[in-house]
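What follows is a pair of complexes built around chain A, which joins chain B in one and chain C in the other.
Moving on to the complex of A and B:
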């Protein structure tokens, strides 16, 4: 009897130890993953704050000995960074909104009306993601040239919409499918028409997916370099990724400090966006996942 | 004089040497919308506006360029120049798409080794008849040759830099080696000996940044009479790798693999990557372009004592260079005005401002005499003393050179320098495989 009691206690202790070790392992793994993810950003931050002499050190330190904002001052003095940020913001925001406006109803149709056409359309959307840039830019260049939209912000935004639309559609189709069909049926039973059902039932449930997809489209356009380089000629229209190359010299020589400062600036909008809406995305995605 | 290439030749050569991305981007416009330069776009109220695409990237250089454009615009209300910033890593693809799409800038800043296909392809204006006599006289013939294709001037060379040895002065003095001067440079043998004496403890005598080994090898090989590319009277070019061509690569190879006086870790590095090790005393000398002094002056620890030495001499003190150039687009409807702006930009005092901004040497003789470029500080004097020994890089006007460089010479030299293949195998690749590549461009 007593032997059994001891062994039960021991078993309980072992289970607790196991649980604690498991949880510790999870936290360590999570910390390692976070460190891995944040390494480029922290390195960029550290480099942007270093004076030139620290940049040339063979033993680079994480924390600058004499932190300075001089690289930022130089970066802004050398290149029209604010203008470029404005151009990138405009192109990314407008293309993200346009892509969402176009993709949402399409995604609904593809997800809810499943027939041969929707299956072929979905497959085409997935396949189109494998197309290399060179195949896309040829027809786009032709169309934009004939529309006199080369060196035009509108032309660039059109390209970004076309470029991000398939993936946005694919993402949103998944989100629509995840919404139980029964909810819409219940709304119909309660007397709501299709439009009312879409507006009052489906769209609120789809909101986190829309936000996530918009974020994806925004970041795709924000980071895009090749289309902007080829299609925009005027300096006042250039986007941030193109302007960043102006800190590079021949044979890979770089003005490292100002480049890091400008690159840091380029990463901030995406980070801020994520910081502001990540809770909403995660919360929205998990809402209703478990029956209480 | 070489005969003008035919259109199919031009097209074939162009698309062989271009990156696929840029060619694909340019293709539709080339096929459907040739030469749609819009004159109206350039005029507003009778005023001409010229676009000047500049590659200036260092703070002082950008400032000098912008100031000069502003000065021009102040004095020429009828011919305004618009400064357009571009970048070295993307300029080739950008120009290619611009030319084919009829959107080319009027005045183009580039490097002479990037001009051949644009010049032969009819994208750049022949400036021979437009050159002002002053400018023609001011720039020496050997510099003009860097911007000439088929006997015509397509690019005006204005800034250039020799490859020099940047050395740790303290280590140099401590080793007791003779300090070379532009008047009495080291021979390649002396250089190898000096590297041996400088190799001690944890210090290597030299660090060769050989991420891109071809231009360094070919341009320095000029000092031993090596040309690698030999042009026949008919205009055909043949690759050879004779004894005179082999001196420089063999010296580098031996330093890396036999004497062990050169660090093998820098083989895959670019010039900037070697600087932290140089500052930390790991290498006593680093062969770099003259303009790297700017980075060294900025980044070196305050007590770091460095100096600029001339590159070693073979039979002659010569080396190949590909200067920065200014060109005018063939589509530009106001070529004379564009040339007038270039003439203004390259007036001796202005050329000095551009040279100081880029830490390079001006090609103009008058500018080169300027006291600002003849100071001991940062060894400007060493550079100006070497200016007369700079020649057109032997390969730069050779059609098919970029493909030869990328597919044959770069991997070949990298393997040779790493010790994976011997000199015979390298010669076989450069010559046998290389001539097959060039033959496609010379049919």
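Moving on to the complex of A and C:
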């Protein structure tokens, strides 16, 4: 009897030890992940705040000893950053709003009707995300050139609109599906016409999804690099991601402080917006990718 | 073709059919604002681009563009730079996608547990996701910087490298590709983790408990309960990640611009150079089509997986 009791207690203790070890292991692993995810960004932050003297040091400190905002001032002095921010803001805002206005009605149709058209359209949304951009950019370059829209903000915005349409459709379709169609039926029973139902019942319910999608389109356009690189030539028209590469200068030669400061500035808007909509984005993307 | 609601599949479509009459021409007015730009500026250019692959189109040339048949493709096949960039593209795509999947799955499993730092991990995961790819490239150049970089400094402090040993990871012939692959893994971690986490949260808790009662250990529970439940999502994510990685441009363009000596010249960088540095539009379009060949295989895997899931419902 007594031996058995002891052995159960021992077993219990062993299980507890094992569980504690497991927990510790889990936390160690999690900390490793956190370090991996954050250290490049922390280093960017640290570099941006370092005075030139510390940047030139053979033993760069992890935390700047005399943090300064001088690099930010330098960054604005070295490159037309303000114009670049303006260009990025304009391109991202106009293309996001336009894409949403165009995509919302179609997303409604894709969500509420299931037929050959909606299946083809949905397949197109997936396929268009998978094509190598070079196959689209060369013809677009030639088309825009014949319209004299190369090196033009309008040309870039047109491309951004069309480029963000599939994803906007994808997300909005998911958001429409999440709205119970019974609500629309109820409005119809109450005598509201089709348009009235759409405007006064569906759209208000869709509003948070529309805002999230618009912000996401804004972020993607703000972050975009390839189209801006190819389509814009004049420095005063270029967007922020392209202007940033001018800080790199000739091979290997770069003024690290201002470069880091400018890179940080370019990241902040999308980081802040993304923090706001992150939950909705993850939900909306998955609704499109997994549940549809 | 008019927008009619599907008469078949009435069980799934029935509930959705109630809005609008059977033949709804009004729906076209809702579709056209998005459809027209897509057709004109996306489908059209795509077809035009496929056509260009069979021509000798060049930038800034005065003679008219001529149809050259498969000449670009036979040139491609004899172009050792093309083969090299395709090989690098595959190494890069596999090298990023596979470790990223393993790491993201590990993180997703951790985040699915009741751990204290979960919120922090979720918050940090936003960083790589929201950052512009170009900035990610610049940021990692600062990390890899031979003198002022945190990587070399950490190695020095750990005593793994002499103080004066300023190894330049991004311009070393042997280190450049692994270095950019690590950045690729980092940059795509959040999306993969979040998607896998969503899959994990759909795994019924009771199944785990039942397996535990039967005395199944952690690994066994993962193999018999968790993995079968998330496998469809895992396959789809992996296929899409591979495609996106194979197509990627900005990250490596900013990190190395394809150097040193073409060691990181991904297919898109190759095509970009041909098109916009040498003006060979036709040749670059042919390169794009060759990339499509690889992508189609994976896209078929992804779409087949989706269809299968739809049928299972």
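Heads up, the rule we're going with is that the second predicted complex is superposed on the first by the 220 of 292 C-alpha atoms of A that agree within 3 Å, B and C clash if a C-alpha of one lies under 4 Å from a C-alpha of the other, contacts with A are read in each partner's own complex, and residues count from 1 in each chain.
Throughout what follows, contacts are C-beta pairs under 8 Å (C-beta built on N, C-alpha and C of every residue); 3 or more make two chains touch, one makes a residue touch a chain.
It should be emphasised that the depicted structure is a prediction, and the values quoted were computed from it without experimental measurement.
Once chain A of one complex is fitted onto chain A of the other, the partner contacts of A:150 are limited to chain B, with no touch recorded for chain C. After overlaying the two complexes on the shared chain, residue contacts for A:246 are found with chain B alone; chain C is out of touch.
In the superposition on chain A, A:74 makes contact with chain B only, not with chain C. Judged by the touch definition given at the top, the superposed model places A:43 against chain C, while chain B stays out of reach.
More residues of chain A are touched by C (comparison of chain B with chain C).
By the touch criterion stated above, A:161 is placed in contact with chain C alone, chain B being left untouched. Within the superposed three-chain model, A:112 lies in touch with chain C and out of touch with chain B [touch as defined at top].
After overlaying the two complexes on the shared chain, residue contacts for A:53 are found with chain B alone; chain C is out of touch. Touching of chain A by both chain B and chain C, each in its own complex, is seen for residues 55-60, 133-135, 137-139, 141-142, 226, 229-230, 242, 245, 247-248, 252, 254, 256. On chain A, the positions that touch chain B within their shared complex are 52-53, 55-60, 74, 77-79, 133-135, 137-139, 141-142, 145, 150-151, 226, 229-230, 233-235, 238, 242-243, 245-256, 258.
Looking at the complex, you find that chain A touches chain C at residues 22, 26-27, 29-31, 33-34, 36-41, 43-44, 46-47, 55-60, 62, 101-103, 105-106, 108-109, 112-117, 123-124, 126-143, 158-159, 161-163, 165-166, 169, 181, 184-185, 188, 194, 219, 222-226, 229-230, 240-242, 244-245, 247-248, 252, 254, 256, 259-260, 263, 266-267, 270-271, 273-275, 278, 282, 285-286, 289-290. Chain B makes touch with chain A in their complex at residues 20-22, 24-25, 27-29, 32-33, 55, 57-59, 62, 83-90, 93-94, 97-98, 101, 103, 105, 111, 211-212, 270-272, 275-277, 279-280, 282, 289, 292, 295, 298-302.
For chain C in complex with chain A, the touching residues are 1, 3-6, 9, 12-13, 15-16, 18-20, 24, 26-27, 29-31, 33-35, 37-38, 41-46, 48-50, 52, 57, 103, 106-107, 110, 113, 115-117, 120-121, 123-136, 138-143, 145, 147-150, 153, 156, 163-164, 168, 171, 186, 189-190, 194-195, 198-199, 218, 233, 236, 240, 243-244, 247, 249-250, 253-254, 267-268, 271-272, 275-276, 281, 284-285, 287-289, 291-292, 295, 299, 302-303.
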